[in-house]
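Please go over the structures that come below.
Each of the next two complexes has chain A plus one other chain: chain B in the first, chain C in the second.
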Partner chain A sequence: MMLFYFQRLVEILPFFFKGLWMTVVVSGISLALGTILGFLLGIIRASGNRFIKPVIGVYVALIRGTPFVVQIFIVFFILPDWGIQLAAFPAAILALTILGTAFICEIVAGGIKSVHSGQWEAAASSGLNRYQQLRYVILPQSLQTILPPLVGQYVLLIKDSSVVSVIGVVELTRVGWLTVVRIPEGLMVFSLVGILYFAISYPLIRLSNNMEKRLATQQVML
Partner chain B sequence: MLKGFNFRVIWEYMPYFLEGLRNTFLISIVSLFLALIVGVIACAGRLSPWRLVRGLSIAYIESIRSTPLLVQIYFFYFGLPTLGLRVPELQTGILALMLNSGAYIAEIVRAGITSVPNGQIEAGISSGLNYFQRMRFIVLPQALGETVPPLLGQAIVLVKDSALLSMISVMELTRVGQTLTSERFMPAEAFFTVAFFYLCIYFVLKSLADWSQKKLIFREAY
Partner chain C sequence: MIQFKGVSKWFGKLHVLNDINLHVTPGEVVVICGPSGSGKSTLIRCINRLEKFQKGELFVDGMPLHDHATNLTRLRAEIGFVFQQFHLYPHMTALENVTLAPTHVRKMKRADAEAMAREKLARVGLSDKADAHPSQLSGGQQQRVAIARGLAMNPKIMLFDEPTSALDPEMIGEVLDVMVKLATEGMTMCVVTHEMGFARQVAHRVIFMDDGRLIESGSPADFFDNPRTDRAAQFISKILTH
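And now, the complex of A and B:
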């Protein structure tokens, strides 16, 4: 019986790859948007003005303090009440981007603050303007502390993208859920789903670890 | 924006919300406690001199860390019955949460233990302490303090993760929100209330984590 189900599972393997592709697309788009917005907000939070800073702080706390499932339900069920009707796919992208932006903003702000304040002063006294100070002096140095946790955050976001299956986006987890109804071998089906997630997350985890190690040795050598 | 926000319904459902809150609380505490045990065992395995034990621990930790929790929950929820095990949803959920957080806690404890400088251990050896004495009197007292803030961080993550148990119909906080949504179709009232309760838990745990972090820094400074 198990062999029979295994053969069935192999037959519908393309369906799983489609799901994997959807996971990659959904998380890829939100990662890109989240990185851009996260850097912008992070820079403002680290260096910026007195009125926007607390607003960003509240936003980050709200996102970090609530589960992603609740956030996605709010985006999907409550926005229509206010006249914004979103299909499942854009709703998923929106929710994941909001989530990613909050976490990346924290990482970027932390990285910028880790650069010694003397660097700002040195850059200013070299006659660089505010943008040039950031672009040529501060950001290149803070990237050392930003990059490893940023890649780690990407892994978390890819994993969180599994939650968008609850609003009906047919990505990898949803494919597993749909399959297990027809092929009642839960261990087999979700092992396959797990292996496919592993295939995209694990290389990123290794990359993050390696970066951390390399950057640590680099600092010692300086 | 909140035009027609119906506080009466929230009040009417308050007993359910409070029960959900209590369940979320209990699930998180039980899972955290079990995860601590699993984490310490996995960490001991990870640092073990035997290759087989080390390999198994690494396989466990890495496979948990590179797959989404939702997939792990479904794995047990749909998988255990195919093994002939009829486990209620609540226990299935706690099992998944325990194994998930256990892997992260193993890494936290490992980071704490490896943060104790080698010289300390060598000093212990030359003072004639055996392995258990070294662990008990030198390594653990220093390592445990180090692990408290990240463990509280993990507790925050665990509380938020427990929201995913609503997907296998465990009656916790998020599930109460879903019930209110489907019975009265009032998603805004339901999920904003749910989010509010999660935020309360988050702020309590977050201030605990910040406080323990500060205490740790002060202790090191003296």
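And now, the complex of A and C:
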């Protein structure tokens, strides 16, 4: 019987690859948006306006302090009450971007704050304006601190994207659900789902570890 | 060139600068000394507005610093600042440290900026270190690169905040030599330092600060040999025995 189900599973393998592709697309778009917004907010949080800073702080705390599944329900089921009706796909992108932005913002702000304040002063003293100080002196240095945890965060967010299956986006986890109805071998089906997630996560984990090691040796050299 | 008129500054309740009046003329070399916490670093950091002050007036090269409309980047382009801890940009070579501001603030062409930077590095005796990163340089060399960086914009004023305090003793001389050369070439300089040899050799005036107040001002010979206040006499005897 197991062999029969295994053959069935192999037959519908393309369905899984479609799900995997959807996972890659949904997380790819939201990670790209989340990285841009996260850098913007992180820079403001670390160095900017004291009126906007607390607002960002509240946003980050709310997102970090609530489960993602609740956030996505709010986006998908509660926003329509206020007249904002989103299909599952854009709702998933929006919710994942909101989530990613919050975490990436914290990583970026932490990286910027790790640069010695003397670097800001030296850059300011030589006549660079605020943007130039950030662009040429502070960000290049903080990038070393930001990149390893940033890539690590990407892995977490890709895994979190499985939650968007609850609103009906047919990504990898959803494909698992749909399959297990017809092929009642839960372990087999979700092992396959797990392997496919691992196939995209593992290279990123390796990348993050390598960057961390490189950073450590650089710091020893300094 | 630099004129303090009744400048006061508070950190919370602490009165760090108390009614400072000081006039530095073009080409003058002023050494500022005093015990730690006396406000001397704060004083020179006010000159390029790394610190704000709450009361009084301060004019630098004709620009009123008490006026918030003053263009800070324009002001700072006219002033070189050398820090105790160097604060070189660690991700750039010595040459790039020097060319950064001229290329982005003055929009100087790359080739021109590099030629200028090599000339500045030669002035501080580091022509051969243009491509070295700060981590490959000794403390004394780093501080000399920092001076070259400070000179990059052809400033009218150079400020030094304890430039030799973080250096091993054998490296102090090479940095002081560069500063002496600058002073004799007629640069307007304010130097926070306890290096009495430097003060006696090139300073036109020594200022003594204590508890946020400017309490003595005179020629190096006068100040070191005949201090007028007990507080200054005490301080001098301490740095002499040290």
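By definition in this document, the second predicted complex is superposed on the first by the 222 of 222 C-alpha atoms of A that agree within 3 Å, B and C clash if a C-alpha of one lies under 4 Å from a C-alpha of the other, contacts with A are read in each partner's own complex, and residues count from 1 in each chain.
Here is the rule we go by: a residue touches a chain if its C-beta (ideal position, glycine included) is under 8 Å from a C-beta of that chain, and two chains touch if they have at least 3 such contacts.
All values derive from a computational prediction rather than experimental measurement.
Using the contact criterion defined above for the overlaid structures, shared-chain residue A:Leu187 touches chain B, although it does not reach chain C.
A count of residues in chain A touched by chain B and by chain C gives the higher number to B.
Of the two partner chains, chain C is the only one touched by A:Leu128; chain B is not. Applying the stated contact rule after C-alpha superposition, one finds that A:Gln141 touches chain C and leaves chain B untouched. After overlaying the two complexes on the shared chain, residue contacts for A:Gln119 are found with chain C alone; chain B is out of touch. With both structures placed on the common chain, the touch criterion links A:Ser162 to chain B but leaves chain C unconnected. Taken together, the two structures place no residue of chain A in contact with chain B in one case and with chain C in the other.
Residues 61-62, 64-71, 73-74, 77-78, 81-82, 155, 159-163, 165-166, 173, 176-177, 180, 184-187, 189-191, 193-194, 197-198, 201-202, 205 of chain A are the ones that touch chain B when the two sit in their complex. By the touch rule above, chain B contacts chain A in their complex via residues 1, 62-63, 65-72, 74-75, 77-83, 156, 160-164, 166-167, 174, 177-178, 181, 187-188, 191-192, 194-195, 198-199, 202-203, 206.
Residues of chain C touching chain A in their complex: 48, 50, 72-74, 76-77, 79-81, 83, 85, 87-91, 100-101, 104-105, 135, 149-150, 152-153. Those residues of chain A whose C-beta lies close enough to touch chain C in the complex are 116, 118-119, 121-129, 132, 136-137, 140-141, 221-222.
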